[in-house]
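Labels for the chains are A, B and C, by order of writing; each one numbers its residues from 1.
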């Protein structure tokens, strides 16, 4: 699907800006509701995420002593901006990405990491011990899942022979689903996404029973709301990317809804099924298992491409 | 050794109704032995004051107007009551009872928690007497 | 707490006075080196309510309900310890049926306490599915207790000389049905605790305590039994109806967190078995014996096995309507030493689970230490100082 809309509208309303924010809240609600139903609970009502954000925005923002004032205010904005920008290169809601160039896959992944890095910086920009421990864990986790996740994203790119998300999306739509062709890559991508979003069982950086809220302990009001919103948007983007690459591409809004919804269901199940991993267990798992699996997958793809070229 | 031993429960739950009781919308009756608001039957009472003596929270006051004609008024401080039912056990004439129907007792006005039991004329007499003596310590 | 200057090479993570995970008042300080804990300290007594002093000002009957309110989760066992002490002083014994019903309440309470703990400990380890499910199933035993006594938490089933509530056959049938369901679920949770890879990664080999350490640190209850320290008041010094309906002691060898999970779940299943035996042969008798309002002068101790371990009461009477002195030693207080010792050398991420591993009850840590300022060294008191202070005080 390709729409011709004025770029300003794209940025502010659809599919960027407001619409993206709203979809982030909807996905957060769906995630919470699914987790609740898996645990035999009722779960929140549909307006709860919006109510949370509005409440936080209306609250006083306290800037703690010992924190750099400028950074403290700027970091949530950078995080949200990074998440919103990343959405422009991804086929959100089944609409063709509005800005697209050779290599935008790398830019998108970079922008998503920028969010995590600003989260880590926000924790380090504080004298609070919980924030410091949380920041250390956030950055440690970043270094552990990032490489396998990147490898899992590169797999489809190699197969499609392009670094452009829209072209990969189109290529995937014409061949067999990559979940069949590259099952290991799919698994690593999905679990890597959970690590990226700090969802259980990879929620050691914000484990509430150990370090309260991790890096965001000192945040209140607006800053906290913006960080949460950017996480929600990251969730939508991540799901879209994985669905586009591995589940046969996203060509229209219906496919988008079905495929991301299905992925979210699996992710909610994985969130509830395990005990939280300690940070050393997380790192060990990613480097010992995740990175190796990712490499094996890449090697398999390269071999496949080579054999096909040789064959033809 | 297995990974995700609870997945079976989780998937089953997805197709089940949540167990959460939607309390204010669906009310379930309290059990038969529930200990709710205290009720007093003035006809059987002899004014022995055992319930007053045994109450661990000092929630009961028995005001004797005329012991011979059995004119008593019970002042029950519902906000102090811990619903232990010791008074029900202590009473030898079975004139006290904890209700199993009145259990939604949250109020916004504290004064409604001071309950008077007894004959109407006795309560009126008592309240008039109290009004005539305005100098009464607030702690009483 | 002041911020440590950079020159000093210590990084202290304070947890509390409001614990983020247990939502209870207790203050912990962990000295960490990276993620490894190198030192730990605990400060308690934020909820001092003066219950022991308050007991001296209430009659024996009123005290029954005050003791019940020391702890919400083990309310029945506190009252049982108190009434048994009072009955011993008065020289009476509760009728057999009353004693059996006391055991019924105590074992139901143990089931509810252990299932609550299972959920809390799983939550500390970030295993929220187990937390939600064990608490969902705990509602079954809460409903039983509500049916028996009318209340979910403060059952107030005890009276001095007996119990208030009788059991009838319909109730016993309902409870049997509930117990069957619970036994099935508990077997499943035992399977999860024993076999789930992620959960075992958080429990096996964490907080290992040897039998010698357990003995040295004065650990009690399931915490000690998980370290192969076989000590259970129900078996060693039977009270209530435990002589007629004995329980089997559950002991594990490993001494780590995993062993504590296994011991508590198996203990719950043992409680279910003993409840079935009681229901099959419940003795017939009246429910209360008469006990005088004035308790003869004397001193006694009373020991019972609370869900968390040995609960100890010392009661002194001077022959009046009120006790002279009531001293309570709760099981949680005995177990704190193990937490502080075991914490060292583990990762910060393990702290909540080690802490929860002893099933701490913060309201039971209701203690106050008063340090007199005008003494020459306010922190350290020698034995001679204390002795002089005592002599001066009572002069």
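In the analysis below, a residue touches a chain if its C-beta (ideal position, glycine included) is under 8 Å from a C-beta of that chain, and two chains touch if they have at least 3 such contacts.
The structure presented is a predicted model; accordingly, all values stated were derived computationally and were not measured.
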Edges wherever two chains touch, nodes for the chains themselves; is that graph a line, a ring, a star, complete, or other here?
complete
Taking contacts as defined above, which has more of them, B-C or A-B?
B-C
Return the distance between the CA-based centres of subunit A and subunit C, expressed in whole Å.
44
Indicate the whole-number Å distance between the mean C-alpha point of subunit B and the mean C-alpha point of subunit C.
30
Could you grab the centroid distance between subunit A and subunit B? Build each centroid from C-alpha atoms only and quote it in angstrom.
55
Residue numbers in subunit C touching 2 or more other chains?
129-130, 133, 136, 196, 198
Interface hub residues of subunit B, defined as touching at least two other chains
3-4, 6, 10, 19
Subunit A, residues touching no fewer than two other chains
38-41, 272-274
Please output the residues of subunit A touching subunit C within their complex, sorted ascending.
38-41, 127, 129-130, 133, 200-201, 203-204, 207-212, 272-281
Can you name the residues of subunit A that touch subunit B in the complex?
34, 36-43, 269, 272-274
Complex contact set, residues of subunit C against subunit A
3, 11-14, 20-21, 35, 122-130, 132-133, 136, 196, 198-199, 201-202, 347-352
Subunit B contact footprint on subunit C (complex, rising order)
58-59, 61-66, 68-69, 129-130, 133, 136, 139, 146-151, 154, 156, 159, 164-165, 188, 191-192, 195-198, 200
Where on subunit B is subunit A touching in the complex?
3-4, 6-7, 10-11, 13-14, 16, 18-20, 22
